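Quick one: this structure, given as structure tokens, is what I'll be asking you about.
To keep things simple, chains are lettered A, B, C, D and E as they appear, and every chain counts its residues starting from 1.
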Amino acid sequence: MTAFETSGPSPTSDCKGFEVRHLVKQYANADKPVLNDISFKVEHGTVLVVLGPSGSGKSTLLRTIAGLEPIQGGTISINDQVIDEGRPGTEKAGRSNRSSALRTRIGMVFQSYDLFPNKTVLGNITMAPLLVQKRDKAQVEAEALKLLDRVGLADRKDAWPHELSGGQRQRVAICRALILHPEVLLLDEITAALDPEMVREVLDVVLELAKAGQTMLIVTHEMQFARAIADHVILLDGGHIVEESHDAHAFFAHPQTERARQFLHTFEFE
Amino acid sequence: MTAFETSGPSPTSDCKGFEVRHLVKQYANADKPVLNDISFKVEHGTVLVVLGPSGSGKSTLLRTIAGLEPIQGGTISINDQVIDEGRPGTEKAGRSNRSSALRTRIGMVFQSYDLFPNKTVLGNITMAPLLVQKRDKAQVEAEALKLLDRVGLADRKDAWPHELSGGQRQRVAICRALILHPEVLLLDEITAALDPEMVREVLDVVLELAKAGQTMLIVTHEMQFARAIADHVILLDGGHIVEESHDAHAFFAHPQTERARQFLHTFEFE
Amino acid sequence: MQGAEILLQPGVFPRLLQGLWVTVWIAGVSVGVSIPVGLVVGWLMTLKNPVVRALMRIYLDFIRIMPQLALLFLAYYGFARWFDWNLDATGACVLVFILWGGAELGDLVRGALQSIPKVQYESSYVLGLSPWQTFSRVILPQAVRRLLPASVNLATRIVKTTSLAVLLGVVEVIKVGQQIIDANRFQYPSGTLWIYGVIFFMYFIVCWPLSIVARQLEKRWSHD
Amino acid sequence: MVFDWSFVARYAPFFVNGTLMTLFISVFGILLAIVVGLVCAGIEIARVPVLRQIVRIYIELSRNTPLLVQLYFLYFGLPKLGVVWSAETCAIVGLGFLGGSYMAEAMRGGLEAVPKVQRENAYVLGLTPMQSITHVVMPQAISTAIPGIVANVIFLFKESSVVSAIALADVMYMAKDLIGMYYSTYESLFMLVVAYLVILLPISVLGTWLEGRFDYARR
Amino acid sequence: ACGPSAATPSDTASSNSGSSSSANAKARSLDEIKKSGTIKIAVFSDKAPFGYVDQDGKYQGYDVVFAERLAKDLGVKVEYTSVDPAARVDVLTSNKVDLVLANFTVTDERKEKVDFAKPYMKVALGVVSPESAEITDVSQLDGKTLIIAKGTTAETYFEENYPNVTLQKYDQYADAYNALLDGRGDAFSTDNTEVLAWAKANKGFKVGITKLGDEDTIAPAVQKGNKELLDFVNEEIAKLGEENFFHKDYEQTLEPVYGDEVNPDDIVVENGEL
């Protein structure tokens, strides 16, 4: 598998990165926010790993960033451009009302094998650039094939999703997100439903992406992988950031807070 | 959680352990055996961890030992008593034809949450001792409660399986196997379908069991856990044992074969 | 709304209820007998014997592809002579509904039995349960849960289909309605509307609770 | 028993006409049912306030009453209110009324079976709501709804046999007529079975083919 | 006692035996009928005033009075079965009843399937139509829609003799009448006795054609070869002729409907003699 030299950030971006400030998110019918005053910044070309126990709000954080949930406070910005702003009273609203173009600047891959079952591998990947970005078909297909080649699936381009293994589907899902040249890529436990060997094949792709300089926010329970890929770590609990570190190795070796120690202990035996 | 002092081996066993010799298993319509000439011995009171890539025959090995599949060659014995013998030509047969009494000497817990949905937690645990061993109801229920207490679920005794989390179900499944006082307990990837926190609560129970001296055969993909619990490791590949070690720490630190190195590498990053 | 008074005539409602009782009786007997027939058919369908399988397939497919009214005709006009059977209209209805209910229920039983995860059989085996204990204590209770909602729905369909009995001349609720309409033609020319309206709601009142029960069962047991 | 082939030959054309009538009534009734089903499923999915309750009531009424009674009511009852519909109209409206609820349930089931994450993916990829429906939701909903719809189509074809009760000359009517006039029971029953096999077997085969054709969403 | 019962109390017995079925379709002998204590007779339940169910749910009408008398003389009770016109032959051939007394017109086709006793009525076909568009001649029916009940002589007659008349056929008389009332056809044809009675009771309708086709007779029918029962019925008809039974029957059931417009001798047949 080769590095993703040509993909990654679009050359026009001014290398400022991605930022969340004082983000507040509350679900309808809930008495308190799921995310409360969350702030962090991800430098362009770096990887942030979000850790935390079940229900701590990791998925919610990624979903608000992707625009799948409206936020009630704070801002989300890319390269100093605010793309979402908290509006109180939007608990019951559907999504945030971001434009199509804005949405394509942030890519996301989910835990479940979520390819469109009614399209082939190539169809899945080329759909958004053709429909949303109205790019040239020949050029898009050529790029899709190049991406597939990089994740080792060039020969499966005409396969249907149900003919692929879980690991293969997740690799296609990554290609589907990458072809839009997102400035930030969000990955939410993308290997949680996979067999160990498949976990490895997917995570290897993500490692290559990181090397190629793709800015990413990753939620994962694979501690070894997290340790290897993270430039920057935040630990969420109860909707707050309980520990943040820009030195991933230091964080895993010597967590500063009791909560972090306790959390990391869950993954160690004896 | 307390140790399982009173459970574990029945006092009458003569402490010889469990043995498999030259085991051959072939499925109908397959051109070659899935397990070929497998031999190993598990001392009484020790834990064997079976490792291997997907499809290497780990589940099949545990299933033949449990009597769920007839074997075509070799023997399976407990305390020098042969309980299953290879008979060629039985590829298409259903199960091995072991007696009920013999079956209760080997316990097994599966990956999927396999509690009986039509019985409560207590009903699940007491069913086999009441029906098969015709034990006294009051005594069985008392023992069931003691076991539930040990896995931290005493208060859920009247719950229905669908009201439990995955981790709770697996702990009940362990109690259901333990109440028959099996001489050997087989665990086949019992945490593969669980969230990380639940993985921990289940594996803690298994660690306690090991400390209490329960003889076990464990298939797992949690390498940290395997390293912590194993007295004895075998690595399966293509139906053969490619490496066997009675020093688990040495095995994980310095595997002897190239195949084992390669396999363990899958779980390491950087 | 003239004409509605026909419903208040002495004897009209009691007679309609008597007619409804015939409808419910036919449906009840048919459902009652369909259950054992369906269990046997369902069990037969899970057998591997190719002859039994083929026979069951033909039986099920024929019953499914023929309209129930056509089956009723076959039974009423055909059976009586082919087999020298003195089958009256009510008997023909019950026979057809049993054959039909048995086939449909059989297929449900087969589906329920086959949908029980293999690991349930395996857990039982490992725990030392005998094959009969496995079937009666583990498999059957689960199969029944999966079966019940659909079976109640089938009962609703059988009740609705008993309306066809009138076309064989069975004196059930519709026929009674027609007799009443005919007998009151002169006093209440618009009685037709009211009588058929009442019959419409009588069927609804019998079937609706069944539908609700089916839906409740489905909800209650859907998480297993 | 003597089987009179010449009788069959003589009256086969009657059954051809009956078959055409059955097809005519069923096809239009089913088309109406599909339209009604689409509208009702749409109302339920979109949770349109008042209409939604009306749809629920309609579905309960339609599913829990027999077609025969619905037809009697339309054909013999309504004229007393001054509404006289032809037998064909009554039959088509009746089938549409009955089938609409069944179709609505199948279609709603199909739409609800599309996982939420599919719509979320479409959103994240920048698809407009319309593109999301036409390219992502609908193709998958159809795929899950098709088996139910096919089963309903066959069910409605069979139910159409009841229209003989309101003097429509369908297959069933022919059989009953010939038995009543010439007492040639076997021959008539034979032609009845053949006619229904001729109508329903191809539809059943076509249905299976359709299910296979739209099978891509099976995971 | 678990059987369903609808229309009449006397119907209960018939429905009780509903789901049971005896093994052979052979007719019951006179002895067997006597021994069982009931005779099974098929009648109409929606064809007033010949065979219908009254407001109390009891069978009434010209045919029913005859049926009651037959049973009385035989010393048994009657178990009525309601039939549609088209089912009259089949209830006999499949031995569901012993006797049909449902305005059964004697025809050659029917004679091949069942045995008729001596007639007790005579009829021709009649055609009833709305006064506003009265049909007085068959030729007027050309291209028009004629309502008939399935399995009646009218059906066969028009089917064979007037192919240009569009027939609209119903299973039951009640449906056919309703169809005429709702204007679904231009006219309705069945036995003249029947349409006369009906037109009397329904304002706005008139019997424009009172006699059509051959004059036919109406007779009781038994299963083919059931000579014992046939002989008994024939003897009864002869015996009843002596007491002018059918005229009395007419007065009791038909006269209230026909009034004095009809001469009883045009309808009633005594002694089986035309």
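Observations on the structure shown:
We take it that a contact is a pair of C-beta atoms (placed from the backbone, for glycine too) under 8 Å apart; a residue touches a chain by one contact, two chains touch by 3 or more.
Bear in mind the structure is a predicted one, so any value in this text is a computation, not a measurement.
Chains that touch both subunit D and subunit E: C. The geometric centre of subunit C is 34 Å away from that of subunit E, both derived from CA atoms. Subunit C and subunit D have centres, each the mean of its CA atoms, that are 20 Å apart. In whole angstrom, the spacing between the mean C-alpha positions of subunit A and subunit E is 84. Computed from the mean C-alpha positions, the centre of subunit B lies at a distance of 81 Å from the centre of subunit E. Touching of two or more other chains is recorded for residues 77, 81, 167, 189, 192 of subunit C.
Within subunit D, residues 76, 79, 164-165, 176, 179, 185 each touch two or more of the remaining chains.
Those chain pairs judged to touch are A-B, A-D, B-C, C-D, C-E, D-E.
In the complex of the two chains, the subunit C residues touching subunit D come out as 3, 65-70, 73-74, 77-78, 81-82, 156, 160-164, 166-167, 174, 189-190, 192-194, 196-197, 199-200, 203-204, 207-208, 211.
On the subunit C side of its complex with subunit B, the touching residues are 117, 119-120, 122-123, 125-130, 133, 137-138, 141-142, 145, 223-224.
By the touch criterion stated above, subunit A contacts subunit D in their complex at residues 66-68, 95, 100-101, 103-104, 106-108, 110, 112-114, 116-118, 127-128, 131-133, 160-162, 176-177, 180. Residues of subunit D that touch subunit E in their complex: 76, 79, 84, 87, 164-167, 169, 173, 176-177, 179-183, 185. Those residues of subunit C that touch subunit E in the complex are listed here as 9-12, 15, 18-19, 21-26, 29, 76-77, 80-81, 84-91, 94-95, 167-169, 171-173, 175-176, 178-179, 181-186, 189, 192.
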